[in-house]
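Letters are used for the chains, namely A, B, C and D, taken in the order the chains are written, and counting of residues starts over at 1 for each.
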Amino acid sequence: MSLFTLENIAVSYNKQHVLKDFNLEIEKGKLVSLLGPSGCGKTTTLRLIAGFLQSDEGKFLFQEKDYTKVPVNKRNFGFVFQNYALFPHLTIFDNVAFGLKLRKVGKAEIEKRVMNVLDIVNLQGFEKRYPKELSGGQKQRVAIARALVIEPDLLLFDEPLSNLDANLRESMRVEIRRIQQELGITTVYVSHDQEECFSISDQVAIMNKGVIEQLSDPATIYKYPSTKFVADFIGFKNFIDFDTVAEREGQIELKKGDYTFVIQKDGEMKNISGKTGAIRPDNLQIRAKSAADPLPPNGLFGQVNVTTFLGRSYQYVVETAIGNFVVNQEMAQPLSMGQEVILEFPKDEMVLVD
Amino acid sequence: MSKKYIYLLLLPGVLFLTIFMLVPIFMTMGTTFFREDGFTVEGYLQFFKDPYFMGILFTTLRVSVITTIISIFLGFPVAYFVSKMGPRKKAFLLLLTIFPLLTSPVVRSFSWMIIIGKNGVLNNILTGIGLIEEPLSILYTPTAIIIGLVHLFLPLIIITLVGVMENIEPDLLTAAESLGASKLGVFAKVVVPLCVPGLVIGSILVFVGSFTAYTTPALLGGKQRVISTFLYQNAITLNDWQVASIVAVIMIVVTVLVISLMNVLAKKLNPRG
Amino acid sequence: MKKLLKSILVMSALTLVLAACSSKEGSKEEKEPEAELIVSTWGFSEDFFRENVYAPFEKEHNVKIVLDTGNNADRLNKVRQGNSDVDVIFLSDYYAQQGVAEDLFEKIDSSKISNLDKIYDVAKAPLGEGFGPAYTIAQFGIAYNADEVKQPITTWKDLWNKDLANKITIPSITSTTGPMFLDAASKISGSKEFNEDQAFAEMKKIMPNVVKEYGQTSEFVNMFSQGEIVAGPIMGMYFASLQEAVPNAKFVTPAEGGYAVMNTVNVVKGSDQKELAQSFINFMLSTEVQEKSAKAKIDSPVNTEVVLTEEEATNMTYGEELVNSLITLDMKFVNEKSKTWIDRWNRELVQ
Amino acid sequence: MQEKSRGLALFTFLVFLFLLGPLLIISITSFEGGNILKFPPEEFSFRWYENIFKVKMFFITFKTSIFVSLAGNLLALLLGIPAAYALSRYDFRGKNVLNLIFVSPILIPGIVLGFALLRYVVVAYEFSIYTSLFIGHTIIMLPFVVRVISSSLSNFDFSIEEAAQSLGLSKVGAFFKVVLPNIKSGIIAAVMIAFLESFNNVDISVFMTGPGVSTLPIQMLTYVENYFDPTIAAISVLLMIITAIFMFMVERLMGLSYFTKR
């Protein structure tokens, strides 16, 4: 059952649409990430859900009630800001107790709940300090505690880890996921960091130019991106625009000029309407070509154009009759510039996208 | 939350300033152009043909220009010295600079009356050590006005320049030195050009302040009037509001002109582009 | 949004209340006794007047006297602009004449001012029948510092002496005595009748001697005691203050003649305290006040009942004979010409 | 090299002597026992300090000045805080023009503003002198209030305000409970700087004097023209003490950076 729905939302800023005909449904208890490059509308969507801004058109239904015009302070959503947004003039205790005091909770109860939530975020003993005495990670945990303590109907995160260093970011995301699962709070999480989103989310919505390109569980998106944008965004660097696509005997046959490719159609791959093949640089096979080698099935002849050393592997840009391809390959003996090569596209690694 | 409420926040202040400042100012301007028989610039023509008024205008401009130049020459080295100090000494010197700025202009002008009068401190010292026999007549001359105005506005230029000089990256100076510039060369070729924007702002503040100052010329000036005391005399003593309004408009025009000219200059001269 | 609106409403209401309060509180502060009499005066010897004139009058009539001080011109202009609520105004005859010409004063009911009978005839109504009397007649002459001026000054002409370069002050043309000094300049040019062009030519010659013009006589006193000036034309009534600062100061009636300055009291048109204002004028003319101010060497008496010893009379314009010997200017003529004079003065002299 | 910077130090010392010497001299002369200002004083006495309290107009005008500056300050805050908030929080059409309007009282020559107010507010609408002083001083305080508070708001992170809203406060509530406490020092600094600006003002007040109503600086100006005794020196010392206290408080609250930023 869905907890809330955004229906045909439109938001514009300075006469430019940030969101248009935007729809989103989120189920109870799930952690959903909005992922996309900057300017894709993910933060706008989050701020719209929080109530910080209002849509020009469309509806926001929360537990089947119309929330479109409900002001921020009547929504009972917890919001965790990118820069923590702790109240500098209040102690940690008062920061966390802020929402409870507004809800007229009794003093003893406030004490109990604040201590409890500080316990959850591992900040016992910090309640008398002021925000400026805390480290970034600690501040972020206070911010989470402050949002949690009001027992929000919905928890919203706006790039909460982007100001932390890499190590802290990893441990904090585990923490966030643990707390969210323990308490079972529906959460919307915005980030531009793929790894972060994929690792903590039940579902990820990939956004581009104010539209959700794909909303799915992380594994599906990772393996089967549905659009060219999503594929590109998650690392499919090689694309072939095919002339024809035909399904035959559980396989798909694709043609580009004189070349024919075949890919496996398994159950999970839903999209065969697209005509663009996509494949990750890691999944392409490359080997040097000797003069007598025939063209293998799903293969192409090419010539190495650019070589870059990536540390664990080498990256090549290979020029072929149907375009350039990027290939990563671990090899003891690197291929040299101008080397003739054979590229092979494994049957089960290429996907079709729109 | 629509945008309307933003304007609602601004409305009371804007309304207040419009009713009590903009409308009176524009009405004052308007009356200088309109008489019973319609639009006219007669008042201004009379004005600019009148050597008496032009005398006052030029005296005021001269006093303001000299004040500005002296302030720059005194203020620039001091600002450079202050900006080179460590934070504690700098803070202390800045406090000493700002203190006179916040002190009443009446007090400051009066203190100069004690000093430069015929029986004043300066003349007593000079006659005392036998440097001069007759006391100097400084009080009630344009020189007295200039001294008072420099005293009034010098702090402004110092703090403005210190603000600018603080923002010059020390690396820049080191870089210039590493390229072979002498200390003086660094000062002339790097520090001075980078201070131009601050210098311009400071000059605007000093010039406009000197041009429109009332208290100092009223107390230290003699028979020669400046434009602000002339405006006051016409408005209050002679009750000639027509002339007072024309003087007011000329003051506004000169002020606006100087500010915009200096801003253009600042943009042109700004080495940071 | 509603809350916001409400708070803005509250804010603006507060603002209005505050504005209203400020104006009310302003006047309320002064309103301890019932009535309030606003007196516009020079502010010279304020302490003496407060103690010997205002305080007894306040007590007798249960009224509070509020002062507006400043020079003649500024104060008259405030009355012209009509926003000052002044009831009684002290002005020299020159300025009072302007006020009369512009219909700024109430006619006085002379039957209410019983002390009028006791004063010199010339002082009874110098501005014309029904307008305010002069409560003092001052002599406009020359004061100088005998320590600094080698040749004793005896004539107006002496002020033109080159030795006095940058050492004197003269009254501004906008002050009461300005036209008198202009008249003196005309006299020393050799003209019997007042000759404007010659007067200005002479004025031009004296300007190198002038440090600064004075608009109010206390400025003269100030500059004199500070040594900025050593001589200048001044009203005799200020001489006491000069002497206090410079013991060797001298006051002379110039050989060409001193001028009479009559300081008048008038009731301002539209005053809501007309009765009280007339009582105040009557009180100013009373033998009691006149004697006190004469003995304090503040104002020369016009009340003929005041008797002074010779010492008390020094530097005072005392006795009918002296009063009659002083030159008086035709204030109507002065008034008509003043605009031209101010203009020429500014153009030709102040450069 | 050493020579040069020693020369610069000496130059700086002389300039500071020029700036502060007069104020020192005026302070010393205030203790003169005689009737005439002299430096150095011939006898030491506090009598001119006592005289301040004897001259009634000083006390009356001091009260007026305080009242006008405080009341004007309050109104300037009521008008200026919302404006400063809107100007630094949002982008909207006409922002530059509105900004200009709020700083224009600094740009318009005071003497012109005073005259315009006299002609079109005092005389035209017959406002009382008190009200007019109050209006005039509010006008000159507004730009300082708006500027100081804006600079304090520019350091303020507005997501804090949103955080308070998400926790259940209304927009207005969040302003009072979260924004205001965090720009408190900016507001106090604004109050003090505006107060000094208003309290020392001559240009505008000089046009607005009436029976028994004048401000302290105007009364001092008149007094200086008429008397040359050390009373003014004594008042000057008291005013300088007030200034020094205010300045140190502003320094504590905002740091000196406020003064050097233009």
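FYI, contacts are C-beta pairs under 8 Å (C-beta built on N, C-alpha and C of every residue); 3 or more make two chains touch, one makes a residue touch a chain.
None of these values were measured; they are calculated from a predicted model.
Among the remaining chains, those touching chain A as well as chain B are D.
When every pair of chains is scored by its C-beta contact pairs, the maximum goes to B-D. The central chain here, found by comparing per-chain C-alpha centres with the mean of all protein C-alpha atoms, is D.
In this assembly, the chain whose C-alpha centre lies farthest from chain A is C. Averaging Cα coordinates per chain places chain A and chain D 55 Å apart.
The distance from the centre of chain B to the centre of chain C, with each centre set as the mean of the Cα atoms, comes to 36 Å.
Inter-chain spacing, taken between the CA centroids of chain A and chain C, is 88 Å.
The distance from the centre of chain B to the centre of chain D, each centre being the mean of the chain's C-alpha atoms, comes to 18 Å. Residues of chain A in contact with two or more other chains: none. Contact of a single residue of chain B with at least two other chains is seen at positions 1, 9, 12, 236. The residues of chain C that reach two or more other chains are 1, 4, 8, 11, 15, 81, 226, listed in rising order.
Partner chain C is touched in their complex by these residues of chain B: 1, 5, 8-9, 12, 50-52, 55, 117-119, 135, 137, 139-140, 222-225, 236-239.
Residues 35-37, 56-57, 63, 67-68, 71, 74-75, 78-79, 82, 122-123, 126-131, 134-135, 170-173, 209-213, 222, 225-228 of chain D are the ones that touch chain C when the two sit in their complex.
Residues 1, 3, 6-7, 9-10, 12-14, 16-18, 20-25, 27-28, 74-75, 77-78, 80-82, 91, 93-108, 110-115, 120-121, 124, 151, 154-155, 159-160, 162-163, 166, 183-184, 201, 205, 208, 211-212, 214-215, 218-219, 228, 231-232, 235-236, 241, 244-245, 248, 251-252, 255-256, 259 of chain B are the ones touching chain D in the complex.
Per the touch definition, chain C reaches chain B in the complex via residues 1, 4-5, 8, 11-12, 15, 71, 73-74, 77, 80-81, 166, 174, 207, 210-213, 215, 226-228, 342, 346-347, 350-351. The part of chain C that touches chain D in the complex is made up of residues 1, 3-4, 7-8, 11, 14-15, 18-19, 22-23, 25-27, 29-30, 38-40, 43-44, 46, 50, 66-70, 78, 81-86, 216, 218-219, 221-222, 225-226, 244-245.
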